[in-house]
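One structure coming up, written as structure tokens, with questions to follow.
Each chain carries a letter (A, B, C and D) given by its place in the written order, and its residues are counted from 1.
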Amino acid sequence: MQAIVKEQRAPGLTVTTVPKPSAGPGEVLIRVRHAGVCGTDLHIADWDAWAQGRLKPPLVVGHEFAGEIVALGDGVTELNVGQLQCRTGNGHICRNTRIIGVDRDGAFAEFIAMPATNVLALDGIPTEIGAIMDPMGNAFHAVLAAEIPGSTVFVAGCGPIGCFAVGIARAAGASRVIASDVNPKRLALAAKMGAHVTVNAAKDDVVRAVLGATAGEGADVVCEMSGVPAAVHQAFAAVRMGGRVQLLGLPTGAVPVDFANEIIFKGLLVYGVIGRKMYQTWHQMRRFLSAGLFDPRPVITHRFPLTRIDDALATIRAGDAGKVILEIA
Amino acid sequence: MQAIVKEQRAPGLTVTTVPKPSAGPGEVLIRVRHAGVCGTDLHIADWDAWAQGRLKPPLVVGHEFAGEIVALGDGVTELNVGQLQCRTGNGHICRNTRIIGVDRDGAFAEFIAMPATNVLALDGIPTEIGAIMDPMGNAFHAVLAAEIPGSTVFVAGCGPIGCFAVGIARAAGASRVIASDVNPKRLALAAKMGAHVTVNAAKDDVVRAVLGATAGEGADVVCEMSGVPAAVHQAFAAVRMGGRVQLLGLPTGAVPVDFANEIIFKGLLVYGVIGRKMYQTWHQMRRFLSAGLFDPRPVITHRFPLTRIDDALATIRAGDAGKVILEIA
Amino acid sequence: MQAIVKEQRAPGLTVTTVPKPSAGPGEVLIRVRHAGVCGTDLHIADWDAWAQGRLKPPLVVGHEFAGEIVALGDGVTELNVGQLQCRTGNGHICRNTRIIGVDRDGAFAEFIAMPATNVLALDGIPTEIGAIMDPMGNAFHAVLAAEIPGSTVFVAGCGPIGCFAVGIARAAGASRVIASDVNPKRLALAAKMGAHVTVNAAKDDVVRAVLGATAGEGADVVCEMSGVPAAVHQAFAAVRMGGRVQLLGLPTGAVPVDFANEIIFKGLLVYGVIGRKMYQTWHQMRRFLSAGLFDPRPVITHRFPLTRIDDALATIRAGDAGKVILEIA
Amino acid sequence: MQAIVKEQRAPGLTVTTVPKPSAGPGEVLIRVRHAGVCGTDLHIADWDAWAQGRLKPPLVVGHEFAGEIVALGDGVTELNVGQLQCRTGNGHICRNTRIIGVDRDGAFAEFIAMPATNVLALDGIPTEIGAIMDPMGNAFHAVLAAEIPGSTVFVAGCGPIGCFAVGIARAAGASRVIASDVNPKRLALAAKMGAHVTVNAAKDDVVRAVLGATAGEGADVVCEMSGVPAAVHQAFAAVRMGGRVQLLGLPTGAVPVDFANEIIFKGLLVYGVIGRKMYQTWHQMRRFLSAGLFDPRPVITHRFPLTRIDDALATIRAGDAGKVILEIA
């Protein structure tokens, strides 16, 4: 079958042919329909320090996907051939887990074999959405761990997860959503997802804009989705006294924090978001999707066939894409 | 000035002329624009046992209103003439409070003098909405004390507060809202406020309908707004295991409860809703209104001039009105 | 081996000899050391309506126990021979579970075979305590689901679970614990477990006593452990405005409730306690026990050998025992 | 009357004589019995940058105290001469407040006049404890905002507030309390207040010690009371995955934080503690004290007369005192 493989301990990914897997005991074989491309895949392609320390090529890459079950291994009784499914995001929960596309063969391929216990039924959700439920789940957890109805929400960083967060905050009854980014295309996407106010952080004073949009009080809830040190400081400055800051973006290296003035005197609650309440978040997500409260599809800005993985990666690198997905079957 | 007065210790209300009040020290004089008529006013008109024990006629009645400040008493510095305002709902909070329209002269009149500390600025909210913020606040507190985003919500009883609750649940991101009542007009109103499913409790099996609309699980949150004993039992039966029941409707007399099966084995959280978090609820309400998340006006089905109070009361008694208000100035 | 068996579809239990079980695949064989006798065993002995509908004799009874693993079945890798263990209380969580001593052979026997996944290591907790961790878990969940540090707590009903609740509330920093029962011996036990005030509900005014011990305010938290209708009303009357009532005792039949005055006007939160947060409760319990914060042993008032099950049952029926256990090995 | 006065815009404090104040309208005159000396008083004595920017000498200093009401100003009706009282800690809540001993004359004096609304009755709590309820309140809020019963708690920094925190955690049912400091005398004080384990941060590996005392898991709750940058990092390293860090100590300047590894991947909740829930905290504190759950007196290590303020300040500077108080009347 066709697959995208990390062949060497060096930069690059290769579109090639590998043996089609089969479903071992307790596994299911899935025909992959859609797969999401994310920052992790960039790190693997670029063969950065993290990738060098973790991966053992050759390996099929890709870890966000959805598809159709085509065969059941021995002992699998709760799933059926023909079911559409998507993998669970539990690589984020337990650091001992072997993550597909990182520690074992992944999903940028025509077929993948998965343990049946890691597979969840889509129940009518299309596979193009199923393929991105892993990053969407992070956004759901980040937003809904705070109290949103009637609240003002500031989302710093309008990559795919930030744009999802904007739409989720709107669906959950935020009274005002402000979004910031340095990229005008991403800001346009955030506006499309429902942001009342967008702020270009490259040109405008973000904190002043948030204060202006919240009657000078600051936002009730801030979701920091960028990992940019300046945005982390803006998060602390733009939240109201006694407000809540959800940190999901990962800054590289250390960021100097003035704890007294940025956190303590403001009486903040700061939450490190790591996708932990798996079933609950998954359940909420399905409800929002099936009730039509939230449609993530505008965030999917680019779709490529498997063979054009290099174009997909280049699109992400250009920095103004939303979510990029591969259409496989 | 013109006013509606309880003149005698006997049934009935009288439209008559009384002296215009003036603002004493610490008070403001308000020209009443809109006033809400509610069940309490019916009890007073009917001179029921509660009214006989509490009221000391003669007394101007009416306790839900909004209007314009026209004069400030000595020592009032934080309010201005010309401001639109509405009274706070704190009669519900502290039983020692002297409630206007019950213990002292009320708001069914051209003017009312109020302690400045009981007055809140409307900040752009129209007085017809300001006049009904007291019952709306009960609905806000009942709904938002539960976790609504993505939840399924069953509202039992579609009087004005129930209809508000339907709209608030939708605005806060409920994935499915089911409403029940015995009156088709009220059900139509609930549908207008956003109920996905309405159930005529006089004809259909309410619990089955809720289970059907929630994939057999039961609703995450039930708001019991009717006070009808049968609806209380339906609330317990229609909520999911581990769900939450908010009780606001006041049953008359005792209702037999099978605690083991209706509450304990289901692991329920049952909350008696009495409008207690005054400032927080008020603040949320203003946010929902000014953000345009929630518009209560479809619930206002009838408007009368002050002189037609008898028609207003008859309309409420007929049982298929939404909120009935008086247009005074 | 020796065991207590329900032999016939008729009242009574028989001490007899049955074949010693062996550990099937995924199971462990446990030598039972201590077992708790509880109300369920009484229902089985008495052959009441519930027992008639549920049990299929012959069957070894008993479901609260702890012992030593003496053999591992195929595929069991996480447990070791010689470990002391106790079963999990999950019969309370999922009504589809086959409960030992009810739906399959139980623990009033020298040996029992159990699925390894239902077995938890005692980690130094003595088996006499391990044998009663099931009812203790109910008490932990009932008490700690409320906020206890500094709170006043009223425990209605001083059977074993109520007495555990008293000790747990004290260990968690309750500022005042009041306990009521009709039985002076049980009240003495509650006092021994740390109740500051005990009230004989047969003689004294319970509500007045709670108000007196809480400066007239009522208790912050009430745990209703008796299931007696009068005590349920006392629970609602003795809790403060805005307080919390945990209901664990199961009333037989319907109790008439004045929702308006008993629950709604008081703004109560009423919680139906069914032991649901299994691992969390279990974990808390182990912490309290191993830290020496809480010692349940004074509640164990009677110990009998397996052969004296009739005396054990008679002791419970007499109504003034604490926890009754069987010492088996 | 005798008082300690900041006379000049220069280092130093002077014991001198000033006119006895009288109770103006709405005020009460209090004979000061006990007063606490704290870090703020050191800053004022040292005339550091903060003090230079804030104080306008001459001014009586001192802001933690308790005493007896000796006269009521006009319009004061809810307090009585002879009542023992203590001021509220509300300087920490609203930055516009004029703080006694900083913005207006303070409490290191024989008498002080205070607005009646800032005064709370001690209800039997001795004035030596009343004098330190302000810093104790910070400790109560820091500890009890987390869930303590059964939890493991690590307190970093054993100054007076840290030592209070140790005692409060024990009273609230912590299963294990670990305390760190660089000063052996303070560690001894923490042990006296109930710490199960004390760690000398100057000599031993604090994080290893906390892990060792918590079965390798890390503490459920960490209270960072020192403001020392190294301790802040230890707080993040010593808390368990998904745990909670309460930050009260104020680091000077910026501390570099590795957000990804120290906070986000651990899924932490970090709370900036500023004494905000005034009445609730005060109420809890009174309950703990009057129930005898917590006795702060061992933390009071030094007592001086008003005239020996220089010795009091020197004792604090030496770094191994607990709480230092002045005995005035």
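One rule holds in what follows: a contact is a pair of C-beta atoms (placed from the backbone, for glycine too) under 8 Å apart; a residue touches a chain by one contact, two chains touch by 3 or more.
All values derive from a computational prediction rather than experimental measurement.
Counting only chains that touch, the fewest steps needed to get from chain B to chain D is 2. Distance between chain A and chain C, defined via averaged C-alpha coordinates, is recorded as 45 Å.
Within chain D, not a single residue touches two or more of the remaining chains. Taken pairwise by the contact criterion, the protein chains form one closed cycle in which every chain touches exactly two others. Residues of chain B that touch chain C in their complex: 227, 232, 242, 247-248, 250-260, 263-274, 276. Chain B makes touch with chain A in their complex at residues 144, 148-152, 171-173, 175-176, 284, 287-288, 290-291, 293.
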